[in-house]
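See the structures that follow.
Two complexes, one shared chain (chain A), two partners (chain B, chain C).
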Partner chain A sequence: MTVLILTSEEDVTADLVVLRLNEAGVPVVRLDPADLTTRVALSGEYVQGICHGHLSVADRLVSMSGLRSVWVRRPGLPAARAAQPSAWLTEEASQALYGMLRCTDARWMNHPDAARRARHKPWQLRLAQRSGLPVPATLITTFPQAAREFSERFPDLVVKPVSGAHPQEPPRAVPTSRVAPDTDFAAVAFGPTLLQRRVPKLADIRLTAVGDRLFAARKTVEPDADPDDVDVRFSPSLSPWNPVEVPPRVATAVHAYLSGAELAYGAFDFAEDADGIWWFLECNQSGQFGFVEMDTGQPIADAIARWLASAPDGTPAPSGGTRRSAL
Partner chain B sequence: MQPFTLNYARPAVHLEVTTPYMYDSGLQLNVLPDGRIAATDHATLRALGTTTSTAGSKTHFDD
Partner chain C sequence: MTVLILTSEEDVTADLVVLRLNEAGVPVVRLDPADLTTRVALSGEYVQGICHGHLSVADRLVSMSGLRSVWVRRPGLPAARAAQPSAWLTEEASQALYGMLRCTDARWMNHPDAARRARHKPWQLRLAQRSGLPVPATLITTFPQAAREFSERFPDLVVKPVSGAHPQEPPRAVPTSRVAPDTDFAAVAFGPTLLQRRVPKLADIRLTAVGDRLFAARKTVEPDADPDDVDVRFSPSLSPWNPVEVPPRVATAVHAYLSGAELAYGAFDFAEDADGIWWFLECNQSGQFGFVEMDTGQPIADAIARWLASAPDGTPAPSGGTRRSAL
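Then we have the complex of A and B:
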């Protein structure tokens, strides 16, 4: 049984997991859907009540029925590198590939339906509340007056994109940013705006969940840090990430979140305040983990490999050499 | 008419990182010029920031 990894070639973070799977003798096929019709090919037939499908990349061939699990890591758009790419061809290739993969009994990390839903931040906030995670007071609105009233109730606010996406024309980044007092909220009318009470934080927490296993890391906010540097991704901090125990109540809530979201993997961001409370900020269903593993030594790649290699009932995979074959 | 959130946008930093490794389709891994597996060279990975949560990826907004 083979593990299928959908990701780009340059995704060196995926290499960490491929290495672990190789060490365990678990067959792996790695491909980028962007290479469909060039370096990647697929075929499936539905005849006499039976469905057979195959995928090939380079000189590897794998049967759809032989897939143990699918790791949707950082795949490109299907057929994006075809000889004559088009939106139509991408849709055709996407339907063919993911449609066939949905016919298999393979486990998904994460299933595309769950992944798509899990990207919606408003939905994340509600699920976090229902799961028992503390969520900072948040408003998402296109009403300027609602924003003004919210800022009166919570004078220290940050603003961040609802989607997490960044504008590309021209390319810009939109970090989580503090909103100054007496800000004019008139432009809220021109786009949904996410305002959130700023958590005065002592540390950032990145909690990486792999199946039932939780790996939490803590990055201390330096005492002389500029309070306007809210977004750790844009912060000049040189503090390392250190492993930290997950409080039992947080662990219970995170498991509830993952169950509610139907996710096998999630990278949670929290802000830790002076009372030691971990405030939920977001959960990225395909968040990076390599930087945490390198700082903390936490075996996240190994945990992912074990999850991908195990049977649906959680039993470890039997060892076996990687096989190659030709069409 | 610019949305409020874009008042906080800043120019994207284009990190034209030239990765010193290349994908080996036989190994299904990225390999350094001296033949070592790139993922085992943490010093290089740290320097490149290729495993880091960066935000603003053009193709992926999960960090």
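Then we have the complex of A and C:
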């Protein structure tokens, strides 16, 4: 049974996971859907009620029924590197590849449907509430009057995009920033705006979930930090990420979130306040983990390799490899 | 409890359903997401574990918690008609609108996740096989050699796109056509190609499923029809669509398909052969039904209105309208 990794060639984080799977003797096929019709070929046959599918990568042939798991890491746009790329060819290649992979019994990290749903911020906030995670008061609105009333109730606000990254080429992350006290919010009418009570934070928390395993890391906010530096991704802080224990109530809520979202992987961002409460900010279903592993030494790549290698019921892979014990 | 219909203003088929809902006294809000930030506004608040959402259309305010059902008919691209449209604004508006609607308990026809998944042809074929529908032998491939071998086993083939419509502006349907006997299939290497055994058909069947209700219509192939006219959408036939009974085995299989696909609506295309077998060609989760209703008189719009108006458990709407009995 083979692990399929969909990602670009330059993805060095994926290299870490591939290395561990190789050490464990678990067969791995790594491909970039951008290479479809050049380095990558596919075929699926439906005859007399039976379906057979194959993938070929650099002349290596893999049966789709032999796929143990699929890791959707950083896949390129299907057929983007074809001799004559086009929107039509990308659509055809995407439907063929993902349509066939959807027919397999492989486990997904993460399934494309779950991944797509999990990107919706309003849905994230609601699921976090329902899962028992503390969510800072939030408003998403195109009504200037609603924004004004919200800012009266919660005078210290941050603003962030509803959707995450700006869809330019390459996509650019839009930072969260503080709302000035004299803002009049008239511009809210021109586009949905996400306003959130600013959590005065002592630390940022990044919790990486891999299946049932949780790895939390904490980055202290420096005492003289500028309160306008609300977005840890853009803050000039030099303090490292340190491993931190996950409070049991948070762990229970995070498991409920992942189960409700049908996600096998998630990178949660929290803000820790002076009372030690972890406030849910977001869960990125494809969040990076390399920087956390580098700072903390937490074995996240190893956990991903184990998850990908394990059987559908979660037991370790009955691999034929002699070095299986490495996992 | 309100029915929300997402579609364009020009959608006359939706008018039929709105008319029936109005007659039954069921509140309806119809909006085009393209009108977001101009005619349409939205707001969602997440405070202390509770979520409240509102939509406003032409100054009419609707609570999202009061939505009974959502009919995704022919919605425009979110914020496409904004004063300054952009890919970024569309993404923000789309995430805000669909993200909030995903938080409601409304029933969907069809849910966006189910709709997206249902467009994958390879997945359709597999689900049809699993549901017990006869599927003509099919190959989807980028291997010329696989195509050649397939054409030796099944010499009479048609070719059609994997993905359906060509993504130009406006999208254009690509007809299914016959494969010439001397085709060498070298070009298959440049893009996934769907080859399918041609079913020598006596009739085309369009089966429209609305919840549990099935409406089948049959269009006879004229005896002197050109066998190269394989695609009913492009055939010059003048024979009308006539109502036809659904064979019990087909009905069971179609219900299994809809349940597996989590679809509340589906338009199935079959080819009927000389033995009376209905061969599954595809299921379009947003297929048109107006032309069938016009020819056959089958009450499809009425069935959609009833489905949208019914409570989550399928019982008719406890509407306050005095003309409820009209449904």
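Observations
Criterion: the second predicted complex is superposed on the first by the 312 of 327 C-alpha atoms of A that agree within 3 Å, B and C clash if a C-alpha of one lies under 4 Å from a C-alpha of the other, contacts with A are read in each partner's own complex, and residues count from 1 in each chain.
Note that contacts are C-beta pairs under 8 Å (C-beta built on N, C-alpha and C of every residue); 3 or more make two chains touch, one makes a residue touch a chain.
Here the structure is a predicted model, which means the values were calculated and not measured.
Once chain A of one complex is fitted onto chain A of the other, the partner contacts of A:Arg126 are limited to chain C, with no touch recorded for chain B. Of the two partner chains placed by superposition, chain B and chain C are both touched by A:Ser163. By the touch criterion stated above, A:Leu4 is placed in contact with neither chain B nor chain C.
By the touch criterion defined above, A:Phe190 lies against chain B and chain C together after alignment on the C-alpha atoms of chain A. Legend: residue contacts after superposition of the two complexes on their common chain; A:Val244 is shown touching neither chain B nor chain C.
Contact with chain B, but none with chain C, is seen for A:Asp231 once the two complexes are overlaid on the shared chain. Once the two complexes are overlaid on chain A, the chain A residues touched by chain B in the first and by chain C in the second are 119, 161-163, 166-167, 190-192. Those residues of chain C that touch chain A in the shared complex are 36-37, 41-51, 53, 56, 79, 82-84, 87-89, 91-100, 102-103, 113, 116-117, 119-123, 125-126, 129, 135, 137-143, 146, 150, 161-163, 166-167, 189-192.
Interface residues of chain B facing chain A in the complex, by the touch rule stated above, are 1-14, 19, 21, 23, 25-26, 28-30, 37-40, 42, 45-46, 49-56, 58-63.
Interface residues of chain A facing chain B in the complex, by the touch rule stated above, are 9-10, 12-13, 15-16, 18-19, 28-30, 39, 57-58, 74, 76-77, 119, 147, 159-168, 170-175, 177, 185, 187-188, 190-194, 206, 231-234, 267, 284-291, 293-294.
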